């Protein structure tokens, strides 16, 4: 496919969405993707509150109407009553991808024992992969470094555009025989 | 908060609940907590059979009526037909915490390959964290050592009392900026 | 029990079931089990398409009618729209065994970063353990080596036959006190 890849970046945060503090998670994701991707892409960014219905409708909008092949969220994955990003992700996904959450928690656990409090998951809706990242901007790069090598091939499999990466930032892996 | 923390300890075992053998799991949890916690706490202990309805009602009693901020179970997490503690935990939880089960299995796996048979999980109900431990008393300490460093901060986040630990037993971790 | 153990081997693949290419996953499982098991067993093999209803009915047939104590599947665990083996496994299972999938992904991750795309799980139905393996024949042995040491004891617990293994291939572990 020659389409320009559209990638959704959703910051889920009551405070950032109300302007109480600056969104740092969304820009951290965009910066990392800018360094990692060498094929053409464009960001579709949103900053929304921790409301399950809003998270679900935003995911559906970015996937079903905006045509994103990948939507990355930041925030709302902890144990607090307002943290409902994983539940919203599961609700709109046709398939769950438990390996993403497992690996991100394992990697974050090397830095802090509270990594086990993160409930982040991933799922597939149509031709789009949804990945939850933690809210803490400093944990975003380490999580993307862990799971992004598998992500272009995942997007190939579900029928999305062919993502190419800068191997100095992220060595995308495709099995022998995978075709562009 | 200055409340004395109430911690539920539920032994789920047909044999222990019928007096066929002595409950060793419950006392092992209490002993470990006694060494690990330096802030004030009191145990609310129960010994019940492997009946899903009884496990659910006991969890709800300890959380909703007894005001526990943490409930730890032992037993009923294996593959046997009577092992239903994870199902009961999921049924009463508003949120699941998959990182707890993943880490406990990974840690137990260093000791025995049958660690993968343990289906233990964790969840949040109201202002209480529920954590399933294995039934084997010798595995209880290794599981608590693995997950307890993240647990006081989890209880902070959900609005429970401020737990303090003896760092020689358990280094509780709170991110910079977390306040008492 | 002195019954000969019956072990189901289900290849889930549109192409293999339509004769478009040769089934390599099923024979790879059979070969590995032949080397690993020293007690008597017989294979009950099926090659079926990636149709959720067919996978479910085949699992039920092998368990409820054919009396298998273990059913191993290969294929259909990825993110593609046709990959529905985990969903079918969950639908017919009374209990899920998350530790199997976690360990298999962790082991496969040492070989390829795309291991996180595998959604394989395991579950219990009656006196039978169901285990999903990946479709790639080269990943089958590494996954079986990882999870099989715990499997004979799991089958003991759920009331199946006593499996014995060749320790040079697979060191089956049973806790002290487990009886034949």
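Lettered A, B and C in written order, each chain numbered from 1.
Here is the rule we use: a residue touches a chain if its C-beta (ideal position, glycine included) is under 8 Å from a C-beta of that chain, and two chains touch if they have at least 3 such contacts.
What you see is a predicted model, and the numbers here were worked out from it, not measured in a lab.
On Cα atoms, by how many degrees is chain B rotated relative to chain C, nearest 5?
So the copies are related by a turn of 120 degrees.
Validating interface symmetry: for the copies chain A and chain C, is the fraction of residue numbers used by both over half? Same or different.
Mostly different residues: under half of the interface numbers shared.
From the C-alpha centre of chain A to that of chain C, how far is it in Å?
About 31 Å separates the centre of chain A from that of chain C.
Pull out every residue in chain B that's touching 2 or more other chains.
98, 102, 106
Using the touch definition up top, name the residues of chain B that touch chain A in the complex.
Residues in contact with chain A: 95-100, 102-103, 106, 124, 129, 147, 149-150, 153-154, 157-158, 171, 173-175.
What part of chain C is in contact with chain A in the complex they form?
Those residues of chain C that touch chain A are 78-81, 83, 87, 98, 101-102, 105-106, 109, 112-119.
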